[in-house]
Structures are given as structure tokens and as C-alpha cells.
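A short worksheet on the structure shown next.
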Amino acid sequence: MRDIGRLVLVLSLIGVISAGTLAYVRAALDARIEHQEDLHVRGPALSRLFARPAPDLLANKLAFRAGGREYPVFYLDDGGQVDRLAVEAAGRGGYGGDVVVMIGLDLARRTLIGVEIVSHHETPGVGARIERESFRAQWTGLALDEPVALRSAGGDLDAISGATFSSRAMVDGTNQVIELLRDHADEIVELAAGGERPARAKGGS
Amino acid sequence: MDLLLLVIGAIFVNNVLLAQYLGNCPFCGVSKKLDTAAGMGLAVIFVAVLASVLTWVAHYFVLVPLDLEYLQTLVFVLLIAALVQLVEIFLKKKSQALYRSLGIYLPLITTNCAVLGIALLNIKHELDFATMLIYATSSAAGFALAIVLFAGVRERLLLSPVPPAMRGTAIALVTAGVMSLAFLGFAGMVE
Amino acid sequence: MTAVRALTHGFWRNLPPFRLVLGLCPALAITTAAEYGLGMGLAVTFVLVFSNALVSLLRRVIPDEVRIASFIVVIATLVVLVELAMKAYFYPLSRTLGIYVPLIVVNCIILGRAEAFASRNPVLVSAADGLGVGLGYTISLIVVGSLREILGAGTWFGRPVFGDGFEPFGFMVKAPGAFLCLGLLLGVMNAWSRRRGEIFVQT
Amino acid sequence: MVIWTPAIVLGGIAALSAAGLGVAARIFRVDEDSRFRGVLGLLPGANCGGCGFAGCAACAEAIVRREVEPNACVLGQTETARAVASYLGMDLIESEPQVACRECRGGERAARKYDYHGFEDCRAAMLYFHGPISCDHGCLGLGTCVKVCRFGAIRMGDLGLPVFDPERCVGCGTCARSCPKGIISIISETTKILHWNRYTECLSPCRQGCPAQINIPKYVAHIKLGEYAEALLTIKESNPLPLSTGRVCPEPCNLACRRQIEDEPVAINYLKRFVADWEMGSGRRLHVPVAPDTGKRIAVVGGGPAGLSAAYFLRRLGHAVTIHERMPALGGMLRYGIPEYRLPKRILDWEIEGILALGIAARTGVALGGDFSCDDLRRQGFDAILLTVGAWRDRRLELRPAGRDPAGVVSATRYLGSFRGGDVAVRGHVVVVGGGNPAIDAARTSLRAGADRVTVVYRRGRDQMPANPAEVRAAEQEGVVFRFLTAPTRYVAESGRITGLAVQRMELDAADPVGRRRPVAVPDTEELLACDLVVEAVGQLPDLDFLNLPGMPPLRVTRWNTIEACEQTLQTEVPDIFTGGDCFTGPALVISAVAAGRYAARSIHYYVTTGAVPPIEERQTELISESLFDSIAGVSAKPRVHEPLVTLDDRLGTFKEVEGTIDEEDARYEAGRCLNCGTYCYDRDQELEAPAAGAESRA
């Protein structure tokens, strides 16, 4: 029995020390990792949506929790007024998993500025064609108040032929954002305008 | 329909060995004979499914609630190592027949990236429990398929006049490349 | 076995993945470009040096039944450290290498060196061995990566090497190209060794 | 806070895993070969699969079962391989090279069952009626081994047989496994030394006939090609004394030679002597490979041919050997029994020097029993003792008046031994009693030492004489008188000095179907031979008196006064004591002693490394009976090379060597007479079919 005690002791000690070290390092690097993630993952999408260099935009970030999900939200508050938002959502049902989209919103005109793909795992050459400018252009100028749908489901958007799953995931992501805005637009604007940072977004990997 | 696509995708299109490059060391080492390759394939299916279940549970019931996802690699690999060793000890004592056909391949699996890879991919794709089971099984089956096919090819290769410098692992890798090219063709089956 | 000899062995005699046909998965998966090869190689080197050193330190403490488990925890800790550091400082690289960074844990070279060498040798020599094998591995990955990048994308470390007229062999950066490239390189190495009259056991 | 949660979680999981493993390891304990654990502990344990086995455990098991070499692990390399090899007490490939070699010497010579035009692969060809050739040992020549070799070490030679490049071969054994005929083996020097003929092998008759089982066709073929070093090394795989045996061996191999069916046997011993002399004349010694040290110490008691041979082979197997010799110099009967004119001492010295140069220690002038005991040897740390004390006690005629020798009567061993310096003067008429080689040696020595007349008295006929016929012939040429069917009856002495020997005519009784025909005295035929010296050469016995001295093991003695030991292993009843040579068999040939030395070395090697001596299955002891060869088609008569005897004038009155060495041209010619036999096949001088068919049609 003493042997087993020794086994347990040695392995758990190694485990404890490992976990402690990692937790410490992780805590020390957390902020940096999140910033890096924003800069490299969301930055390109953001800068294309708002036509500005990404580092300027990343500071205005908040994480909004609704319906059991967390949505990273970036906002522009030129001249003190929060008028434009970019909300990220994971569109479900893609062929290779979630399609993460970033939707630009113009609150004043209540329209969509556009859509950018943050990440996806679609098949190159097939589902990956959702990245094409010509496909995404359909989003620009859509009204913010109604859910969108593919033509096959009675809506206005043309799906990419052969990539229905991928197109559907984009629509799903868009509708999540539209719903979020419908229910919580004021809270978000208030949060952003107040400059009050909510609890930091939990950075997954 | 979705499930069928998932299965075909996992076995053929995204074959663990030939498209995702996972588990190549035993692929080269153990594929010299057909029966060893088959044993290895079965052992991988067995362990990959078991490990997937264990790591999936650990992930969603321990790591996520405690916000410790960054320990994923560490916890998974520890669990898999312990699991494999346990199964081996158990099989050796309880069923000599099963141990002979499967058990001796188990140690190889501790360091088989295919098993850890499948466990990590389950989480990365955010699969639910049932889908995860199917995905893990078919991915591992893809491994088994590839290694068995490859062993067949290698047995024939022994008879072929290969330039001296290319004999052994070198020609095996080139052959694997050709097989991988063939598997690339499956990409058209889905979508 | 002195530290210097341990260090130099990794460069030719034990050069992975060619001489030691181990650690193939990353060698195949992430060598689509020279840069990724360099990144992966350095990550592996870091893990190897420290895992060898730690295992060598702990070799007398760890009981046999949990030897593999303990080594794996040590290695995994180092790998997660690399993973975190890579995310914090080389984010794009960490995204490209993706799942293959955590998979360094099961790279047989690392556990192999830990068991075959570090668990029997003093700390410094073990670390030197890790450095040697790691650097050898890095060089191999860079070579494979360069070849695949130059042929498959027409660039080297991201810089174009051919004129505009060059049509890259897209095939080289895909899976079949990886196997083919590694196989042919191995063949070339064998041919060279044979010319030099070297004899070695190849499995 | 941030640190504690993960620490507890991971610590918990780790503790659970460890507890689970610990408990499981105890509940599900399985007992296994202890060596397996040991080997597994030495392997890296990374379970990478690089070796081709399913994990380190499977690899360890294969190593323990000796299915693969200790260096099977690709990860561990030299350090691991060395550790595993030393743990198992095995030789490591790295330190002792193993190379592939082919046993068949020409499958194309075997009779064909059908023409094969299928897939160029031996294994495929074997599927059709067990291959196109009828010989079980014959190479099919389709080159499967060439294709499977990963190191390019095999190529197809001109003769349609694979040729192995020892420089490239790593001894992996792939070719041996792929050969469907099983005629490729992976062989190290150690395996060659430990190997003895089996009935299941392809063995030429001469190889079966030689007690030492020298691979005669192989070295003869080397000589034919002018590869003298290879030829000599081939001989030295089974015989460390080519210079001596090349001079004194009566060639039992020759009796079996197939060449004599058509003309005369190949002069095998001349060829052996030729290459041995070639080495001595070349001024440098060939390098003889020695296996890495095993750390075992063996004491050899007796430095005669058996002891020297055993010491030589034990040393080549990697053991530390010390020879203990009673006489002031090594060589035993080679030195003290065989006269100078047959084996010059200078040549013997050179040969023994070469053996000792392998790293063998020798203590001379120390007698077992008098100066040291077996217990002393054990105390000095010897792991095994080999007794090769020879047969030094002379049998005596029961003719001595009052049990005392008159002056002028001497035993052959003492007589021959006294001529070491060659300065003993002999006068008058010398009578030698006996018919063995010692008798002839004594007779010819007497002539050279100045005797006026020499008579050999032997109680049976010429054909029953055990001495070499060639020696008898040479002695007659030199003037020795032989009195066959004559037996001594009593000594005639005057004042204590011999003056004559009374002898009686004998005749042989009716042929006994089993035994030798016994001589019976013919009554009333006694006559007196006046003489000045009588040499009794009527046989020798081992002198085993030392066994009764203190500190000696309780060894049993047979009724022939030889040491009792197991025929199969040469191990005595005391496990660490082995024996061999004349003291086990009674007086025999030098080449038999050499063979016994290697045989004892094999047993001792297994005894000190594994603790037990495995028997040799299907060990070949008798000639394999032949029915195929009552004539040899396609072989034309080709005379044997002449005997290189020195002229009679040069021989008499001196102890100069009587036989010369054949020259290179003759050696190549004589080697060309060899039919290069396998068990069933042989080389023809010319093609058989064409002329025969032509002759028939014309007739």
C-alpha cells in the first residue's frame, strides 16, 4: 500500500506543480494573448468594415452576454456618439463547424454595413467560397430590423451553389446579431457610451 | 444525411493519416505486415473511442465549468496515457486472446498522435456527445483503413525492384504520397 | 558520453526524421513553408531541452508504474507553455500550426529521448542531447519546408524566388506532396550515405 | 486563487490516475519471464513503433526470444543495444559483425524438374511443385534476396548465385527470411565457430570426413581463384593449426573425395599446407577476428593440439584463456612426439606464437596435481576448466625380466621426446615394436640419428597397419625393414643390457565379421633378432594419476583409462570441468584433437554464457551414404599433383623436413581438380549433353 501512496504522491505533486506553473504563466500572458487574438483574428475584419487600421478599433471592445452566448462587440464612438457597431457571432451549421462572422451595423441608418468572415473550417474551393466579395456584398445595406434568409427559404439572399451549408451558417450568424440588436440594442449602446467595461471577455482558444 | 457525410468525411476526405498527417510514426513502423497493421488499426479504433469519451467528459464536465480549457492538452494526454496503461494491464490479465490480438498494440498508442488528435478535434469541432462518438469511430476507422491498405501495398513492394537508395522507408513514404493523392479524390464525394 | 558529443550526434548520426524515422507527423503536416518548419522546430527544441533536463533531474524519484504518465505530464506542461508563449508573441504562427502544437506532446522523439537518453544521463548531458536532436530536427523541417514552399508556392520564407511566369505546383503544399517530398529527400540522403560508403540500419 | 483551482484539478486527476494504475498493476499482476522485464526496462519505452513491433513490450519479447537482434530499437541506438546485449549475454552486431552468407554452391548444377518461365521471384517459383530444381538445398537463382536487401549488399553473381558484400551487409536477416529454400544464413564468426555439421545440410563428402569439419570445398575454391588469405581464414574457422596439420595429417577427408571415383583424390592437405606456408612466407600474420570480451575466464590444462585448439576458439569467442602446460614448451605431442623431419620445431613455434598472439596466456612447466589443483583454478576465478592432458603413458610389452627394463629398451614417447635437440646419437641395429605412426616415427628418427639398421616388428600385416601408408612407403624407401606378422616374445639381455629380441611368427585368425582379425602365434617359429636398442611403440594411454591427488574433482575413469564425459557435450560429471582430445578418446589424430578442441570450446562457451550446453540436432557423425556416385559423368582423368618429397640423399642422416610445399602453379592446378561438390551436385569438366547426343546419332 505504501508503494501506491508513493505513486499517487509523485504523480500528483508533478501535476500540482505543472498546473500551478501553467496557471501562473497563463495569468501573466492572458491580456497579451487576448489582444493578439483580437488583432490577428478580428482585426482584419474590423478594419475592412470600418476602413480604419485595426489597432485603433480594438480598444473599444465589450463582451455582451445574451441567450447563454457571449458576443464580442466593437464600437465606434466618433464625437462621443456610439453610432456604429461590429458584432461577432458564430454561425451554426457549417459543413466544417461554425462559421464565425463579424457583422458591421450602422445604428443611425439601421442597416448592415457588411459582413466579414472571422474564421471558418469549410472545404477549400467549395464552402470556402463564402469568403468571396461578390457573395458577401449581398449583405451590405440590408435592413437591421428583419431576419434575413436564403432564397430557398423564402428570403432575398442567393446561396453559393454547392455550398448551401456554409451559406446557411452565415445567415444563422447574421440572424443571431439581428436578434441581439432587436432585444438589447439600448443596453449595448449604454454600456459602450458609459465607457464602463464589463467583466472581461473570456478568451477561449 | 448529415451523419453519413460526417462519417464519409472523417474516413475518406479528412483521413487522419493521409490528410491530417496524424499517427505517422506507427504508420511507417507497423505497416510492414498485414496482420500487424490490422491489429494496430483495431487497437486504435478501440482506444480512440474510449479516449474520446473520457476526454469529452473531462472537458465538458471539469475543464469548461472551472474555466480551465488551457489545461486541455495536459489533462487529455494524462488521461489517455493512464487509460491505455490501465486497459493494457487489464487485458493482459483478463483475456489472453484479446491481449494477443489487440493488447500488444496498446503501448504504441500512448504516443500515437492520432488518438490525441481525434480527442482534440472532437473538442475543436464542438461536437455533441453522440456526434462525437460517430466522428471518433469513423476517424479511427479511417486510420485503420489507411494502415491496412498501406500494409498490403508494402507487402507487394517487397517484391518490386526498387532502386537501392529508395528502399525501405523512402519508398514507403512515396507510396503513402500516392495513396494520399488517391484519397484527395474523395474530396469530391461530399458537398 | 560528453555533452559535446551528445550535442553533435543529433546533427547527422541521429538526425530526425531522416535517420531516426520518428516525429513524422509534424514533419509532414506543417512543412508547407520554411517559416513554419522553423517555428515548429524551435518549439520542439525548447520542449526537448527542458524535458530532457527535467526528466534527468526526476529520474530517481519517479516510480516505474507511473513513469510514462509522469514524463508525459512534464512534457505536456512544457508544450502548453510553448503554446501559450506562441499565442502571446507569435499569434499568426500559432494559428497556422494549430492542433500540431499541442500534438508535440506525443511526438515520439521527445518521449523517446526522455526514455532512451535523459532517464539514464546527467542533467547537462541530457540537455545537450535535447539541443542537438532538436536543432537537427529544426534543420530537417526547414529543409523540407523550403523545398515544399519553393516548389509549391514559389516563395521562400514568404519572399518570391521565381519571376511572375512561375506556376507553383500546388500539389506540393498538399498532403501527397508532403509524403512524396519527405520520401524523395530520404532517398537522396540514402544515396549520399551509400556514396560515402556509410552503413546504417534503416527500418 | 488563480493557481489553486487548476492545481487541485490536475493534482486530483493525476492522483486518481496514479492510484488506478498502482492498484491495477497489483490486482492484475501477471508473472512473466524475468528477462523480459529486464529488457523492457532497458528499452526506451517510447512505444514509437519504429522497430516494426507493436510497442516496446512486443519488441522486448522478440529480443528475449531472439527473433531480432538486441539493436532492434531505432530510438535507443548504440547505448540501448549494448545494454540489452550485455543483459542477455549476447554478442552485439555492432561489435561483432554478422553477415549473410549462402550455403548453396551452385543450384544450376542440380537436376531440373521443369523449365520455369514465371514471375522472377524464388517464392513464386516455389509455389509450383516446390521449385524447378530437385535439390532441397539448391539456390533457385531468381534473386529474391537481391530485391529484398535494403542495403544493396547482395548482387547476382556470374554463376547465377547471389554474392554478398560483407562491407554493406548489416546482418539484418531480411534475405535469410525471404529465401524460400532457407539457404541463406546470418553468420557471425561466433556462429561459425559454434557450428557443427548436420545431416540436414548440404555437405561435400570431404567436409563430412574431416574430423574438424573444415569447409574444404570453400577454401579450395578460394585457392583456385588465388584468394589465399580467404582460403586460410576459412581453414582457421575450424583449424588453428594449418601449418602443423598441413604436414602431419593423414587426410581422412581424402578417403571420401569423389574425385577418386574417376582418378585420384584431390591432394587436400597439400593445398592446406600451401596456403599455411604462404602466410608464413608472406612475413605477416593474417588478422583473425576475435569477439568482444565476455569477461569469462577459462583454464585449459594441457597445451597439446586439443588444448591449443580449444584455447584458440575460446579466445575467438571472447573468453579469457590461460593454458597450463606440464612441459617446458607448448605443443604436446606435436612437439614431443612428432619428429623434426616431419614438423620442424621452428614452424610449430611460429604457429603457436600466432595462437597466443590472440591474447591467450600460457603457464608452462606446471603440472596438474603437482603444482596446482582444480580447486586452485577455481579459486583463481576460472569459470570452467578443460582437461586436454593427452595420452602420455606408454603401453609396455610384458616381456621385462623381473619387471625391470634392461638398458637399451625404451618407450616410443620417451625415445622421440629425447630427440628434441636432434643431438642424441644412435648406433647399431634398432628394433621398433609396433605399427602405428609413433613406430614409423621412431624408425625413421633412428635412421637419421645414425642407426645402421632399423627393423620394425609388427604382429599384423601391412594392410592392418594403423600408420599412414605414405609414411610407411617413405620409411621403406629410406631403408627401414618391416617384419610383418611378427611378435616379440622376450628380451635377451646380457649384464643388464639388451642384446637381442626373441620374436615369433604370427598369423591372422579367421575373419571376424565385426572386429579386427586377431593375430595368433604360429608354434615353433621363434627366432632371435640381435639388436642394440628396442623401441616399444605399442600404444599410449592417458596418464591420469593426478586425479587421485588432493584438490581434484571426483572424475570417473573408463576401462580404457580415459576420462569419462558426455559424448555430446564433452562435459564431465563435474559441471565446470570439460575434457577432450586423447585423454578422452585415447590416442588419435592431430586433426581429431583439433576438432575436440573446438567441440569443447563450443560446450564451454554455452556453459559459461547460458549455463547449459544445447545438444546439436541431427549432428553429422557418419558419412552420409551415397548411392548416386558410382561414376562421375563428364569428368575426365587429370593426374594428381606429384608428391613434393625431398630426394633420398637429402633425407638420410639429417632431420631436414622430408616433404616440401607444392608451388603456386601446382596449387592452382590441384585446386582446379576439385569437383566443388555439394551433397548431390558437382562441377563437370565439360558440358555433358552435347557430345553424348552427337555420338549417339553418328552411331
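As written, the chains take the letters A, B, C and D, and residue 1 is the first residue of each chain.
In this text, a residue touches a chain if its C-beta (ideal position, glycine included) is under 8 Å from a C-beta of that chain, and two chains touch if they have at least 3 such contacts.
Please read all numbers here as calculations on a predicted model, not as lab measurements.
Asks: Counting only C-alpha atoms to place each centre, which chain is farthest from chain D?
Replies: It is A.
Asks: When contacts are scored as defined above, which chain pair ends up with more C-beta pairs, B-D or C-D?
Replies: Counting C-beta pairs in contact for B-D and C-D gives the edge to B-D.
Asks: Averaging only over C-alpha atoms, locate the centres of chain B and chain D and give their separation in whole Å.
Replies: 56
Asks: If you average the CA atoms of chain C and of chain D, how many Å lie between those two points?
Replies: 54
Asks: Which integer distance in Å separates the CA centroid of chain A from that of chain B?
Replies: 32
Asks: Report the inter-centroid distance (CA atoms only) between chain A and chain C in whole Å.
Replies: Going by mean C-alpha positions, chain A sits 34 Å from chain C.
Asks: Got the chain B residues that touch at least 2 other chains?
Replies: If we look for residues of chain B contacting two or more partner chains, we find 25, 28-29, 67, 70-71, 74, 78, 81-82, 85, 110-111, 124, 164, 167-168.
Asks: Would you mind listing the residues of chain C that make contact with two or more other chains?
Replies: 21-22, 65-66, 68-69, 73, 76-77, 80, 84, 108, 111, 194, 202-203
Asks: For chain A, jot down the residues that touch at least 2 other chains.
Replies: If we look for residues of chain A contacting two or more partner chains, we find 3, 7, 10-11, 14-15, 18-19, 22, 26, 205.
Asks: Which label fits the chain touch graph of this model best, line, ring, star, complete or other?
Replies: Shape of the chain contacts: complete, all pairs touching.
Asks: Any idea which chain B residues touch chain A in the complex?
Replies: On the chain B side, the touching residues are 5, 13, 67, 69-71, 74, 78, 124-126, 187, 190-191.
Asks: Please output the residues of chain D touching chain B within their complex, sorted ascending.
Replies: Contacts found on chain D: 5-6, 9-10, 13-14, 17-18, 20-21, 24-25, 27-30, 46-58, 121, 144, 147-152, 178.
Asks: With touch defined as at the start, can you tell me which chain C residues reach chain A in the complex?
Replies: Residues of chain C touching chain A: 58, 61-63, 65-66, 69-70, 73-74, 76-77, 80-81, 84-85, 87-89, 91-92, 95.
Asks: Help me check something: in the complex, which residues belonging to chain A touch chain C?
Replies: 3, 6-7, 10-11, 14-15, 18, 21-22, 25-26, 29, 32-33, 36-37, 39-41, 205
Asks: Enumerate the contact residues on chain D facing chain C in the complex.
Replies: Answer in residue numbers: 14, 17-18, 21-22, 25, 41, 43-52, 71, 73-77, 79-80, 150-152, 167-168, 170, 172.
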